[in-house]
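As structure tokens, here come the structures.
First chain A sits with chain B, and in the next complex the same chain sits with chain C.
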Partner chain A sequence: MSDEFGSHKDVSENLPSAHGAHSGDAVQHDPFANPGLPPHEYRRQDIDEKAAKHSERVVAGLFTLSMLGTIAFIACFVIFPVDKIVYIFPFGHVSALNFSLGLTLAVALLGIGVGAVHWARTLMSDEEIVDERHRADADDELRENIRQQWITGARESGFGRRKLIRTTMYGAMALVPLAGVVLLRDLGPLPEDKLFHTLWAKGKVLINSNTNKPLRPEDVVVGSLTFAQPEGLQESDEDFQQQIAKAALMIVRLKPEDIKDKREAQWGHEGIVAFSKICTHVGCPISLYEQQTHHVLCPCHQSTFDLSDGARVIFGPAGHPLPQLRISVNGDGNLVALGDFAVPVGPAFWERS
Partner chain B sequence: MSTTTESPSSRQATHPGERIAEWTDGRLGLYKLAKSNLRKIFPDHWSFMLGEVCLYSFVILILTGVYLTLFFHPSMNEVVYHGPYAPLQGVRMSDAYASTMHISFEVRGGLLVRQIHHWAALIFIAGMIVHMMRVFFTGGFRKPREINWLFGWTLLFLGMFTGFTGYSLPDDLLSGTGVRFMEGAILSTPLVGTYLSMFLFGGEFPGHDFVSRFYSVHILLLPGLMAGLLTAHLILIFYHKHTQFPGAGKTEKNVVGTPLLPIYTAKAGGFFFLVFGVISAIAAMVTVNPIWTMGPYRPDQVSTGAQPDWYMGFSEGLIRVMPGWEIRLWGHTLVLGVFIPLMIFPLVLLAIAVYPFIESWVTGDKREHHILDRPRNRPVRTGFGVAWLTLYFVLLVGGGNDIWATHFHLSINAITWFVRIGFFVLPVLTYWITKRICLGLQRRDRDKVLHGRETGIIKRLPHGEFIEVHEPLSQQQLHVLTAHAQPAPIELGPAVDENGVARKTNPVEKLQARMSRNFYGEHSQIPKPTAEEYEEVLAGHGHHEEITSGSGSH
Partner chain C sequence: MKKLSARRRHPLAALVVLLFALVATGGLYAALAPAPKAQADDSAQSLAITQGKKLYSVGCASCHGQSGQGSSDGPSLVGVGSAAVDFQVGTGRMPAQQPGAQIPKKKNIYTQPQIDLLAAYIASLGPGPAAPTKDQYSPAGADAAKGGELFRTNCSQCHNFVGKGGALTDGKFAPSLKGVDPKHVYEAMQTGPQNMPSFPDSTMPQDAKADIIAYLHEVDSANSPNPGGFTLGTIGPVSEGLFAWVFGLGTLIAIAVWMAARTAKAKKS
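Showing the complex of A and B:
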């Protein structure tokens, strides 16, 4: 750069006088003209064999380091048991095997990478070369030639002339993919009314999801949030995940005078109310309860529902309240459902009214 | 040349490598292929490595991905965990989750490969976005490279879904929540939402099929498409030859740089190992996606602070800040609160995909371009790019509104409202600011060309006046600062024809002319100095003496 810069500075310094001398052809003279490729500058390694030797040793050293890295990788693989945990500052407790394998692999790879780049930068010729570009499009002669070939081919096929063949071919081509579409039909069942029903039914006992025991009114205290599921649903059931995805329930007890919504109070039992745990936005389970305000918050997208006011949406992207389950107490003193949810649980969909 | 004789006797290959080359040439025409490619010229610039980062991450993803398939069970059969990780002893989980636990805790090096795979995926997509922005801001997408722009964009789009299907495979609590989010979004589709959901999950969510279905999409369908697109992307780079920045000796008709063999091979080949090495080191030191802490997926459980991988964050933002609009009519529900974000998600990405075609139409520019633009010289394009990035990052903030709220002690309601308003306002604002900055930089370039570089040296003239000494630019710098074209906007033509009759102007033409004015009008470019202006300043005619040819300063 220094040579180049110096030479241009000289040129610039001479410019005013040069301009004066050639004032006649100032129009042809372009002061912003492309100066052309600057002369190649030699690196130290190009002219000093000692420097080149040094670079060579550095590259070879890096490649050797890579070999050592691979050997160390194999050694670590053999030495460290897979379950050994060690404390390494500042990473904390880490798997000795994972940590050592990763770092030795990094050394093995970086040795090759840094070595190759250093080799290219210091020892391989860095002379810039100019290559010509060629336009992508064809010249007129070729274009005409191809046009003629195309016309000849099209004429020989008779595609334009025999309309009957053309039309039926379009028809056949349009229909045949339908076979593939039809094959996709058995990817799944039709929706029918599956999203409208849950396992809850009249008389089903509410089972505490944590203790697996029937839930009694006295278990539910003001300020607590309890999760429940229908009796008979077992984790080992084939369809447990599908059923719990709809039937999951959350139970809270409010002071009866705190309940603003009349129907909510009627559908509960002495201030105990049961709502679907599945958010009406896109179906995350709601799990955060603010006992002072009776708000529940979905941790996924922050939809917030007011459990003292029919679980209406007070913030966030949800579009409708959480469905409430009518509950009561049976002869054994357990909380039971008085039927299924009146509306579908979870995210809204087209068929939902 | 239709001789049927054996290959010319002059070919006497002695070296074994040469003999193999001879053998291959006779069957594949190797030498003809090598003729234009072996010493292919690649211009050098640090930003040209961004695409390479993507290419190498993809290769790393394939290598580590194949390894992971050897141990992963894409099955949702329920198993009870009896592995070495004590906290999950006796817990029911899918075979997919259990086998991921097996990879992480029992297969030696399995955890490392999983971590490299996940980190490489994050870097792959980040690399694609940064690379795309480099191409965008420098106008690298212009003719003849529009198709390659679309190939690259499609790679990004597919990459995002490959990432999503990939991190959903372990069937852990976090990724399952993401899949549930997707199911909820699909359900919002008018008319067919429930059908799509049933067909995708083989019944009601979550069902027993989605892991195996995502698996074939993740390891076969999407990577297959991407490998094809990637090959096409690279072939086109070879075919078009790489773009270059303006500089000494660089023209629209040539390409200046170093040859594929040996420099580029060594640098690019070495760079693959650098990328792989750095990712290995990160994988060793920073844990990503520790599925064991999350536990297996259950639709009735969730953790707080649930976040998708970063590249899906902007769709998360869309869904979080959208008001919960639902329209109920005639016994049906139109779930706009979810469906609108679902539609904006691809539209945001499409806006950047179609930009090259819009710019070419607006400017009427149908020429080939091989010299890259300096972003400041195209203020409208640069402004649009920054506006797009702003939209993207505003939505990313929206996607992490809970994280922002807890880390910076902000109200989540305030953040949500900030994103809602920012979605509309901030892109416009950043567009305007960027355009002003570009114009300011153009003015500075103009000053530098006409008056030289400020040296910081103050000189006192004989009559007492102080001036700053300006140093003239080198010929190369003068060329770089003035090499860009400054096209005139498209004129609409006279409103009346030669007979004085009002001419009908097509509204599309009107729009084009207006947008073209916006692009190339006087408010969008500072006229670059002409040769006359330059000569005049140099001669010092009627100008304040500012340029002193550096005299006295050295």
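Showing the complex of A and C:
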């Protein structure tokens, strides 16, 4: 930048004489002496009024740019409809409103910020000043004074003499925080046994999440993946999210001879098995199902369960197999649950046995 | 009659009786056998099957066996249906170049009529899902919003929330769905290729499949609008976090360095 104002020689005679420079001798006598501040160096703007004027214009220009940015922001807000999509390389098809508002607001804010910094760097005084810290502690006279006041106060209050007052005051002050502790009870309802139970119960029909219709065993073919929820649960229900978070079910059908775990086969229906969709590690919905290996993978921490072997954990941090729901077929030919999950679904917790 | 019974112990009698029996059986069969009428109606179909078998013998039989029964190198094709053939050959996955964790998509070397012949032959081996017609998989008139809901329930766990795909175990992966022919998306749902589970019409009806295709069309085509701006691959927190840490924090550090940097000093030269 300095080249614009001619060579250094033109203005160097304006430089004040150097001061504060320390002599080399001091270093030799005492190598640990405080070297003090280095000599102050002047900026071009300090000695060259032309350079200072230029910096002033740059700062003013940045502030003006910020003003234009704000005006453009308001203009874009008025001009662009909210659903207008434009193609901008390399961002692709983006909303004209979002893009222009972001860009103009950035110009408006950066204009102020960059202008202020440039102002401070080039025009404001940059003289180094040392402001020594005062002592951290009070002086002895003040400390003695306060000690005397304290002793006088304690004597006048009779705190040491009237033991009854002292003891009851201790009692009162110790008990008062209990009020706050008791209020913590109102933070929410107790979990009670909610973690142990889901909406599944004996005779509840498995509803296909895609169609909201009961699932029939003949609908579920080998190699397919279906998600189910208990009958009676509606998306409009107040507690839908809490309930589906525990009751979500993953239905797969294996060839009966592929099922290695005897109990898994018994709890299923002709190779159709129903497992909880909630990972037993930290409760992510888990359904990355590989139909040839029968492995199901959790997207969060890569816990892998073998659905052909009682959903045993074969990899990853999960501590329990996925809970299986006992299912059968009711008189209408629909798949039904034979009860709730035998173990709590989802991640482990203290009271889980 | 007497003459005949007198000769019943003749050494050639048994032979004569056998001859009569054969003539009678043959004659009866010729008279009563079902006429080849039904076959005549299907001659185009049987021609397609014959031609398909020829293509099959050249391109597929080395792994899937001379009659589609499968071998140690490839699964049985009995009952996979024409939809599976149309998907696997149409996307170039079959014939496979080499065995591996997953057979990738590559350039398709068969023409559509050839694929149809192959599909006709495989479909003749056993009943299976048939290749869809255009009105089944066309996204026109389908509900993209409903499709998005279905996609997030059934597909997004592997294919990511706008179909960008993702990694599975042991080198397997869910491919990106960008630019995939709607027909192939439909067939993949129907048949469950490789490790993908299937979503048959019985659990995911045809119009639900069309809704999903409409959703993909909405979010994952070249012209899909993206009101937020830079997608960073639309693969979620990893790329977004990396961008924020490298470029966002990097810019802040650069500004901090600039603010504290030594300004140009005027020095006696």
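Note that the second predicted complex is superposed on the first by the 314 of 353 C-alpha atoms of A that agree within 3 Å, B and C clash if a C-alpha of one lies under 4 Å from a C-alpha of the other, contacts with A are read in each partner's own complex, and residues count from 1 in each chain.
Simple rule for what comes next: a contact is a pair of C-beta atoms (placed from the backbone, for glycine too) under 8 Å apart; a residue touches a chain by one contact, two chains touch by 3 or more.
Source: prediction; values computed, not measured.
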Partner chain in contact with A:Arg143 - chain B first, chain C second, else both or neither: neither
Partner chain in contact with A:Gln292 - chain B first, chain C second, else both or neither: second
Which of chain B and chain C A:Lys255 touches, first, second, both or neither: neither
Chain A: partner with more touched residues, chain B or chain C: B
First, second, both or neither for A:Asp219, with chain B first and chain C second: second
Chain B versus chain C as contact partner of A:Phe227, first or second or both or neither: both
Which superposed partner A:Lys202 touches (first chain B, second chain C, both, neither): neither
Touched partner set for A:Lys194, first chain B, second chain C, both or neither: first
First, second, both or neither for A:Leu105, with chain B first and chain C second: first
Contacts of A:His93 with chain B and chain C, given as first, second, both or neither: second
Common interface positions of chain A, toward chain B and toward chain C: 8-9, 11-12, 15, 91, 95, 98-99, 102, 117, 121, 126, 209, 227, 285, 287-288, 299, 315
Residues of chain C that touch chain A when the two form their complex: 150, 153-154, 157-158, 166, 168-169, 172, 174, 192, 194-200, 202-205, 208, 223-231, 258-259, 263-269
Residues of chain A that touch chain C when the two form their complex: 1-2, 8-9, 11-12, 15, 41-44, 46-48, 85, 91-95, 98-99, 102, 117, 121-122, 126, 208-211, 215-216, 218-221, 223-227, 252, 285-293, 295, 297, 299, 304, 315
Of all residues in chain A, those that touch chain B in their complex: 4-5, 8-9, 11-13, 15-16, 19-20, 26, 29-38, 77, 82-83, 91, 95, 97-103, 105-110, 112-117, 119-121, 124-133, 135-136, 184, 187-191, 194-195, 209, 227, 229, 235-236, 241-242, 244-246, 248, 277-278, 281-285, 287-288, 299-303, 313, 315-320, 346-353
